[in-house]
Amino acid sequence: MANSKYAYVRNFELPDPLLPGTFMLLRLDGHSFHRFSDKHQFSRPNDVRALQLMDHAAKAVMEEYPDIVLAFGESDEFSFLLRKSTTLYNRRQSKIVSTLTSLFTSCYVFHWPKYFPDTPLQYPPSFDGRIVLYPTEKHVRDYFAWRQADTHINNLYNTTFWALVQQGGQTTTEAHAALRGSFSKEKHEILFSRFGINYNGIDARYRKGSVLFREEIYEKGRNPSVGRELSILEKPQPKTEEKTAPSVRDEPQGETLPAEGATRDQKAKKVKEKRKQLLPSRIAIQHCDIIKDEFWDARPDILAE
Amino acid sequence: MANSKYAYVRNFELPDPLLPGTFMLLRLDGHSFHRFSDKHQFSRPNDVRALQLMDHAAKAVMEEYPDIVLAFGESDEFSFLLRKSTTLYNRRQSKIVSTLTSLFTSCYVFHWPKYFPDTPLQYPPSFDGRIVLYPTEKHVRDYFAWRQADTHINNLYNTTFWALVQQGGQTTTEAHAALRGSFSKEKHEILFSRFGINYNGIDARYRKGSVLFREEIYEKGRNPSVGRELSILEKPQPKTEEKTAPSVRDEPQGETLPAEGATRDQKAKKVKEKRKQLLPSRIAIQHCDIIKDEFWDARPDILAE
Amino acid sequence: MANSKYAYVRNFELPDPLLPGTFMLLRLDGHSFHRFSDKHQFSRPNDVRALQLMDHAAKAVMEEYPDIVLAFGESDEFSFLLRKSTTLYNRRQSKIVSTLTSLFTSCYVFHWPKYFPDTPLQYPPSFDGRIVLYPTEKHVRDYFAWRQADTHINNLYNTTFWALVQQGGQTTTEAHAALRGSFSKEKHEILFSRFGINYNGIDARYRKGSVLFREEIYEKGRNPSVGRELSILEKPQPKTEEKTAPSVRDEPQGETLPAEGATRDQKAKKVKEKRKQLLPSRIAIQHCDIIKDEFWDARPDILAE
Amino acid sequence: MANSKYAYVRNFELPDPLLPGTFMLLRLDGHSFHRFSDKHQFSRPNDVRALQLMDHAAKAVMEEYPDIVLAFGESDEFSFLLRKSTTLYNRRQSKIVSTLTSLFTSCYVFHWPKYFPDTPLQYPPSFDGRIVLYPTEKHVRDYFAWRQADTHINNLYNTTFWALVQQGGQTTTEAHAALRGSFSKEKHEILFSRFGINYNGIDARYRKGSVLFREEIYEKGRNPSVGRELSILEKPQPKTEEKTAPSVRDEPQGETLPAEGATRDQKAKKVKEKRKQLLPSRIAIQHCDIIKDEFWDARPDILAE
């Protein structure tokens, strides 16, 4: 075979498996998105179309890769959590990081016209990706808290900054100077006293980012994980159905959660049994808090093995 | 800062620099392209539109990343050579592999309508990427020889296979059986005697794949590197211009190449001097042999430091 | 500086940090110890001098590196557990694996004459080392269970094998054939019925291997962690002292352990408080079970952060 | 099997192969040798016994591992070059770095009494090791130049420093202050004018470090690689023999070297042929220059594939 003479070059391909038994966190970031958002005239401080497109791309990635159990997006970045037992692509780092970044990018370009019907894409955008391993649930919780705290900090700054510019008539230089070293409280005050903006009244999407997770539809129509800020892209029917069943959300969730004092093994068993009862999952998009315990307590499956 | 409490999670991001002083070879492969080509009714054994789209995406990646000095594509894969002294993204593996794979994918989706005006993209395609390091020029030569030999083997098989099916009326099972264990010579014979096809007369694009490199335009209009099979996408004028200057290609290239016996240092100096004389480079796409010495001897810059 | 011209070669030294927040397990193995034990006429199936020398070297390594919280040895191998929060040498893999393997080797050669006063070392022995990361306590428990189960399996086989050869007069070939495919129960039976050996009566050192941990000496002379099979090398006084305080060992340990239902935080606090009460630790060598919970329950510090 | 339940922990052992086709450079450094040399009263600025012991240990490592083609030592460090085609331990990084560091350490302790007959080892010394990959011959040359330039710089400083202290009656603080920021020339001047020391007359061992390589003994007694400063430990006869054949060293080496203009292939062939003619190699220890070309030109085998 003519090929065999050169095939030795394959020996230079080195294995790159990621440590088993650890959570994988893949974070994607837009490449030069400052320029990209300028060129496509994104509105400031937030462009809801761009954010929805990001969400859509992330949702498509989650649909393709069932081992992604949670995603969080803000601005031009998205983080994906893969369950720690995942054996996706034999946990090969380059394979995972390149394929998932590629699919996200592809979805972003593919779905662009749905969100920007009147703004043709000027040139092909790109994203970079990295995978970070986290050994424990606490690390994962803290990772997402880090990103959501970042969302808050950035959005409060940007909201105040653009109010000063767009409504206050300041130059961007002046606005930057005005905010340099300011505390959170001062920004709230500027927004409220000068522009009549109650920051906490701003769309949760901007303040909290987007949280994507697999919504489990329990037999008998029970779904304890549906929150108030739920929005499902492109699947309006289920969304409506959920809206007509608000009582579910108020129910105590005691029976689906491990009782106090249950051992680890019992917990694991419960989670397993619950999974069996599930109908095929569907991906929910919410703009809820993921720093406090509530979100996680209501969804023990996310971090379960 | 609310953020600082969680920011420790960044400590889990580990460095992943690639060994300096080695050539980086990035290879992209289409993800599930068998299905993708079925869904989009690619013609068999080769779909020229799909191949041109791949070339276009590769060219766009090269235009964005000047440290890519050569690319080779066949079917749904593309290989990119980065010069060994590149410090792109500080040689961080994940950053490079994810960003370049992302950009390639983005270009593929973005430019799809140009090549498939009547075939809307059904769903977002994706690619995986990997980087392999090669220490020496010989390894790089052998890598590209490996891919081009692979192109030949696959194309000869596919051409014969689809001739048996499309023109010979065999089922795909029969055609596979007929070719099992056959030698190259036998396939040539089947093509010629049964279907009147002279394999070597088939478009070089299919037999040789696509070779992309930076074409250097020398002062005084000299360009020794323009070959017969040159094609430049989307830039028809320069292409025509080259066609009207065939005499250039026939000129001996002696004076721009290091004389026999020149030492390594002298060679390096010549390469450097030559670079200074260059006008901004442009990317050529050819379908020429890259296994033999000729291509490389005519373009010492590709492997030069 | 004459040096600076060449100092660029340092750029080829790549970082190799180990993932934070994970337990490091360093395992050392004797290099060609079959030959080494032959040359130095180790007694079969076990040579107590050789095992004590291994223990001594391991203890010396633990004394030098306080972040090693547990070690387990059998035959010519030793495993060391480093606490997951260790920042030893900034968690650089090569530095840790090479330095600790080097020190162990050095101690082995240095202390050889103490254990083999009449057998001069024929040539310098060596060991190889590797580090494996484990994300959770369960992994660590299972790792040590794996090694101790291995100790049992090997020792039962070797004990029976050498009984057949040394007392039964079989050739080694015959003995191997006799044991091929035999179950544990059958080996026990051979030992007991043919050679009058009650396997469970054999020295625990051979059956269980050596377990080294930091023995914490509590105020008021309490030390719940001292077991029956304790032996301290080179420190006879403390050993005696322990022997005269047997009542301690029989005391219920309830008050030092977290109460049922205690939360994780409370547990961590207790561990911390307990640490403060400790006098400087000392390394104990026991030959006790580390597969079951008892050993670990009595020493929550080992796996605590 | 009781063992199989836990054996899954082996899945956490990740592969760590080093890139093929690159030179491996292993550098060992003494751990806390400042303290070690104090405790064992090494003479200042250099202790010939300690240096000879280092050489001896390095030689023993080279004898055990034929793929080590060159070693260089100074002070408490030693560098080993493995040929780039080596497949030692399948190029597994941890295995190589730990085993070789272990053996070196073992030899150091084992042979200590030969070099320090009146100074018992106080405690077990240790070394750390690291492997750096170099893609080309030039990198390897520059690496060794870097180390030998370092030897020179350190030794000139230390020689002057200790002259000021031992002969000049300065305190160490004064001596440090006197030399701060001084140039090489000034140190030479201090040595010569104040202490009558001609630096270049100092033993080459101290100025150049130790160079260990495989001395090839050609048929007909020819050995072009024997230099003037050769010393072979523990093998007095060959050493003498070489000393009585000085004419060999003066012979032109033209016929064993590739002629000007020889192609790479011809060179490789010559090297291969020459190897066949060799008698089993033996390790030479010299204190010669390895920065300039002469050493390397005379020994093309060292860097040859």
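A, B, C and D are the chain letters, set down in written order, and residue numbers restart from 1 in every chain.
Here, a contact is a pair of C-beta atoms (placed from the backbone, for glycine too) under 8 Å apart; a residue touches a chain by one contact, two chains touch by 3 or more.
Because the structure is a prediction, the values reported are computed rather than measured.
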Chain whose Cα centroid lies at the greatest distance from that of subunit B: C
Superposition rotation for subunit C onto subunit D, Cα-based, multiple of 5°: 180
Copies subunit C and subunit B - interface residue numbers shared by over half, same or different: same
Separation of mean Cα positions, subunit B and subunit A [Å, integer]: 36
CA centroid of subunit B to CA centroid of subunit C, Å: 55
Centre distance in Å when subunit A and subunit C are each reduced to the mean of their C-alpha atoms: 45
Subunit A residues counted as touching two or more neighbouring chains: 12, 14, 19, 21, 133-134, 139
Residues on subunit C engaged by subunit B in the complex (per definition of touch): 11-12, 14-15, 17, 19-21
Interface residues, subunit D side, partner subunit B - complex: 19, 21-22, 84, 133-136, 139, 261
Touch list for subunit A against partner subunit B, complex: 1-3, 5-10, 12-14, 28, 31, 60, 93-95, 97-99, 101-111, 121, 123-134, 139, 142-143, 145-146, 149-150, 152-153, 184
